[in-house]
Amino acid sequence: MFDKVFPPKEIILPNGKTIMEKRSRTPLTVLIVIMAIYLSVKFTGFEFSVLLQSGYKFFDIVVAMVPPKWEYLPNIWKPLMDTIKMSLLGSVIGSLVAIPAAYFAASNIVQSRIIVMIARLVLSVLRTMPTLVTALIATFIFGLGTFAGTVAIFLFTLAYVGKLLYEQIENASMDAFEAMESLGMNRIQAFRYAIFPQVLPNFLSTSLFCFEGNVRYAAILGYVGAGGIGLLLDEALGWRDYAGVGMVLLMLAITVFFIETISEHFRKKLIGKA
Amino acid sequence: MIEFINVDKTYGKSVKALQQINLKIEKGEFVAVIGLSGAGKSTLIRCINRMHDITSGSLVVDGIEVGELRGKEIRKFRRRIGMIFQSFHLVTRTTVFKNVLVSFVPELPFWRKVTGIFSKEWKLKALTALDQVGILDKAYVRVDQLSGGQQQRVALARTLAQNPDILLADEPIASLDPVTSKQVMDDFKRINQQMDISVIMNIHHVEVALEYAERIIGVREGQIVYDGPSQEVTDEILDYIYKGRKEGMTAEVYGEGAYV
Amino acid sequence: MDVIEKKLYAAPKNKKYLLVMAGMIVVLFIWSLTAVNVENMEESGWAIAQSILTGIVTPDLDLLLNVTRQGVLYLLVETIAIAFLGTIIGAILAVPLAFLSASNVVPKPLAFLTRLLLIVIRTVPSLIYGLMFIRVTGPGPFAGVLTIGLISVGMLAKLFVDAIEDLDTSIFESMTSIGCTTFEKIRFGIVPQLFAIFLSVIIYRFDMNLREASILGLVAAGGIGAPLIFAMNAYRWNEVGSILIGLVVLILMVELYSNYTRNKLVRG
Amino acid sequence: VSEEGNADNSTEGEAEANDKENEASASEEESTTAIDELSISFVPSREPEEIITATEPLKDLLKEEMTNLGYDIGNVDISVGTSYEAVGEALSAGTTDIGFIPGGTYVLYDDGAEVLLTSTRAGLTNDSDNAKDWNDNKPTEASDEQVTYYRALMIAGPSEKGQELAEKVNSGEELTFEDMDSASWAVMSTSSPAGYIYPALWLKDHFDKTLMDLSNKVSVDSYGSAFARLAAEQIDVMVTYADARRDNADAWQAENNREGTIWDETNVIGVTSGIYNDTISVSKNADIMDEDLKAAIQQAFLNIAETEEGKEVISIYNHEGYQKATDAEYDKEREAQEMVQSLN
Amino acid sequence: MIEFINVDKTYGKSVKALQQINLKIEKGEFVAVIGLSGAGKSTLIRCINRMHDITSGSLVVDGIEVGELRGKEIRKFRRRIGMIFQSFHLVTRTTVFKNVLVSFVPELPFWRKVTGIFSKEWKLKALTALDQVGILDKAYVRVDQLSGGQQQRVALARTLAQNPDILLADEPIASLDPVTSKQVMDDFKRINQQMDISVIMNIHHVEVALEYAERIIGVREGQIVYDGPSQEVTDEILDYIYKGRKEGMTAEVYGEGAYV
């Protein structure tokens, strides 16, 4: 298409040979991006001057958060643990269920195109659903509280890990798989012994990453009544108690830091060996 | 004994990979299949253990009509036939030992299949197989830390652990350097002679083929154009087998190698 | 056989380690099970699930197709604009932060501090950023743009760092042999390598930001999120249906295109 | 353009003088001050879309009134915050100029907000603080009186638990905290007086507990959704303002698919003391805001509430008229909040 | 002309990589440096364009005392010496063409360096260089889509575009298969003969070295133990160069090849 509008330019070498140089797409791309930015600015009412003028007001709330309200600490433990539990449970189950889901979505393993398509569509649509929406629907169906949050996290993890996993499965080398078949295994066994070991480190690392993200996400889930530390956050925000919010965030950041460090450790261990 | 009777194999609608193959291979033979790239060597070999289905004709292995096997039977049948690949086809990222253990999986009870926990008996068998190809000391090393030659030996051990009657090898030395190739070919020879296992091997290196195999099968455009003892293979015969080879073709043949 | 058996017993023993790890995971799992209280489970749940489904399959077509400012189409365009501009702002902020936290570029302590900062930035929920920005811009899509920008920074920077940390520095050697200066090495050795990956990461994040836009609804920051959540809270499932259909179709389309472009960028 | 120029040049003193005149005779025009945009934010105590649609005429009404008062408003921007906090912060930072916010929210954000008016509304046929009276005298209707306060009710829904609680109340039994705790509750955000604060005070008075002590509660973002959940029997008890049931009577059957009427299916199980009505507050920190403008806005809304059209618009919040308000009137509210907060 | 006079090179305090090297290479020669892994071949080559500094002695290239060059001079000096690496060292994710253009970067005005916009003149030069190694048609293809052999040719073109007098190659065919190696070696030979560019090449493949190079330099433990025409290299000489080679060593040497 592009080459028709902007035909390639012919370059003649000193020795008489010719070669067609395709026109660079960069100028067009840059133009389109600039236009898109312009339109977006118009649409969203973005004004740089406002940022310059009152950008400092952003820090009003940041400033109000320090020092955090230490007395708040005892209130935080339980919801924080709830949040971790929710994320852990949702992530573990979600990752486990993601394995069969990814199996069916991998076109190099499952030969029926229809199954692959359905599995992928399900994963895609699940991933499209914003977590907050899933959580809200979960609270409607499963009632308020951590269970709904767990379900939302489970679905999100399933969709996210499932997609990455099936992509990894498709990129995995089929060599060993072929060899397993020649050994007399069926496809599921061959998958278990040839493909699964290949994707395992990445799978674990994705799951850990997802767990980490889920802890953070769970902070918002409270807003829709899905339990955990989000409820506390909501409460403190409602009272405009930013020092309390600061305390909650501090604890959350520490938790996230620990989880990140631990999971980084295992990730390195898993992938580093490869 | 392997017997091809009027075997045809067509890929899709039009690619005739094998045409009217008639062939008999006795137990314990060491057969090398040579021919241009695309001649149909791999196809020939892969039909034997039903990795590919034949289109017409009849293929009988030890009295079993291969084409008539179904599902579980195929898998049982394949256990008797070991297969070695050019690029080893090992599970990297795990140990040599585990790669060999894998060959017992189809014989395990369900829970062991799932968990991958093997009993001592199997472990000893696997180690014995490793010993047979002389890399017992590498048993607990990760496969990706081995050289190509060592990896091919692991593949060999995996196949031996299966205790096969027939060994199919699809260019087992194509990605090895000459010295390692020699070691691997020696292994094949030894296995063939000591354990009385038939070896059918695709191979691009004519000299190696002539040196190791007893019998040479020349394939050209899906047909067998030569079949006889390796001592009798002359330059004319080779020319005949590789006939039609032109400059362009050569480039193609080698070109493929380049991507290995 | 003797040698072989000896070898068997010489197997590296990591069973203990594996058992301990497995045990820990089981314990953690059981511990986390205590978070599930099914008592709150509603009997009416399935009825609601049903009405959600019916709502989604019988969407409010009028809402879906009309072109006013309350229509799904307009809101989607607004959402795209928010996500797009937000992603760009996030990317601009993330590039320096990424270099500052790449341990092969800056000294370790600085990298560590930047990493902490990034964790903090990532930990603050978008809801709170929303409030902070409302103080700057007032309610509306402008606040949404800034919020999206800030919540993108964390992930963008992380992925950028990964790209920076596995830069192929062997090119440096060849450029040295050509006689290039450091600046030239960066410009022609690093930038082309990183550009493609950064772009791919940015496109990926744009894709995610479209999904995040639903959260912005909670903080009056424009886009399709607020109508979606209001409609859900009021159990107007037909409206929810039409909004979700619009959102899902849009995201799927963007995802297809973004996968395609990213593949092209990274794999060529 | 020349008018704008004049306006910019006019000194504060002049403007003040103008305003006094304006107040005296609203129609008199001497010089006008141009304001590009005046933004009004509403809290989401009702369906945001309803608010947006219903308040659309307010734009022109306000422009008209303000013109009469000497202000030339370019554009009136109406938005509904998705949360009370969003509106509060916007007012406090001055990114929105006028806020229709409850007294509770006003008190929290009074660092940047200043109350101008309190709404008045019709009183109800029930004004007892005994829950049983409300259930005996159903449905609750409007009375002719205008009042500046209202009450919050705890309403039990058609769920099993809800019915159980209602029965207890109607048979004259005292409710225990165990009764309360065993039900699941919908509450509004913590700064909502009818949706949180006053019910909390009520709990405190009756059981020496607070809403925090309830095991099963959820915050909802609008009373509409609380009713929807009540109807779906997802929750047993909700807290709301006293005439909320009147507003949701139709929706109860039409949208939430209940068979019986809202009056048959719900019962009051608790009544709080009086809550000061919603405020119209302005932001002290908005750039355009000065004493004159405040006075003009105050007058404009008073005028609007006099007109038929205006009455209709403000009825969306059940406002029927306005009275000038001072900050001091909300001291009581502050006390309430302090108390609630100290309970945490 | 390249001249080493009593050159020593020590890494750190104790690793003596080169000891007392005396060597003279005339313009237009094709020299192959062979020796065991770790013998000091790479070090030898890299001293020539000052990728490494020598520790003592004197290294003179075309009358320039290399050790005395400073900053800008070094960079200018390097432009006259092309260098080819085992793993190509190309900027993947961009086109072949752009990779070759990179070799002109040091000669561009500042604004062009920043924008990366090249004038037609340079473009023609780059394309000509690509033509010289026969991959003109791949000019606008991304490097990561090329085979190993093609990538090495791009590297060669990049170096040629620099219009060097000397070509240093550090195991340029180590990661290529035999056929592609041959093509690349043919390229080197052609460039050496047609353009009269000296080629100094480290190489592990003795047969290839003997076939292509005119002169062989054998390095052992940092010292030159053989220097003479390739025709005169006998098996004894090779043994001598590779002396100390034991079973284990062999495995190591070949092991390297096996990872290719």
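Miscellaneous remarks
Should a chain be cited, it is by its letter among A, B, C, D and E, assigned in written order, with residues numbered from 1 in that chain.
Criterion: a residue touches a chain if its C-beta (ideal position, glycine included) is under 8 Å from a C-beta of that chain, and two chains touch if they have at least 3 such contacts.
Computed from a predicted model, the values in this text were never measured in an experiment.
Shared contact partners of chain B and chain E, listed by label, are A, C. With steps allowed only between chains in touch, the distance from chain A over to chain D comes to 1.
Rounded to a whole number, the gap between the C-alpha centres of chain C and chain D is 38 angstrom. Centre-to-centre spacing of chain D and chain E amounts to 81 Å, using the average Cα coordinate of each chain. Spacing of chain B relative to chain D, judged by their CA centroids, is 82 angstrom. Rounded to a whole number, the gap between the C-alpha centres of chain A and chain E is 46 angstrom. Contact with two or more other chains is made by residues 54, 57, 60-61, 140, 143-145, 223, 237 of chain A. Listed for chain E are no residues, as none touches two or more other chains.
Shared interface positions of chain D, i.e. residues touching 2 or more other chains, are given as 85, 89, 93, 95, 184, 216, 220, 232, 234. Chain C meets chain D in the complex at residues 40, 42-44, 47-48, 70, 130-131, 134-140, 217-220, 226-227, 229-230, 233-236.
The part of chain C that touches chain E in the complex is made up of residues 168, 170-171, 173-181, 183-184, 187-189, 192-193, 196-197, 265-268.
Put simply, chain E touches chain C in their complex at residues 49, 51, 74-79, 81-83, 85, 87, 89-94, 98, 102-103, 105-106, 113-114, 116, 142, 144-145, 155, 158, 162, 168. By the touch criterion given at the top, residues 11, 13-15, 17, 19, 21-22 of chain A touch chain E in their complex.
Across the complex, chain E meets chain A through its residues 120, 123-124, 127-128, 131, 136-137, 139-140.
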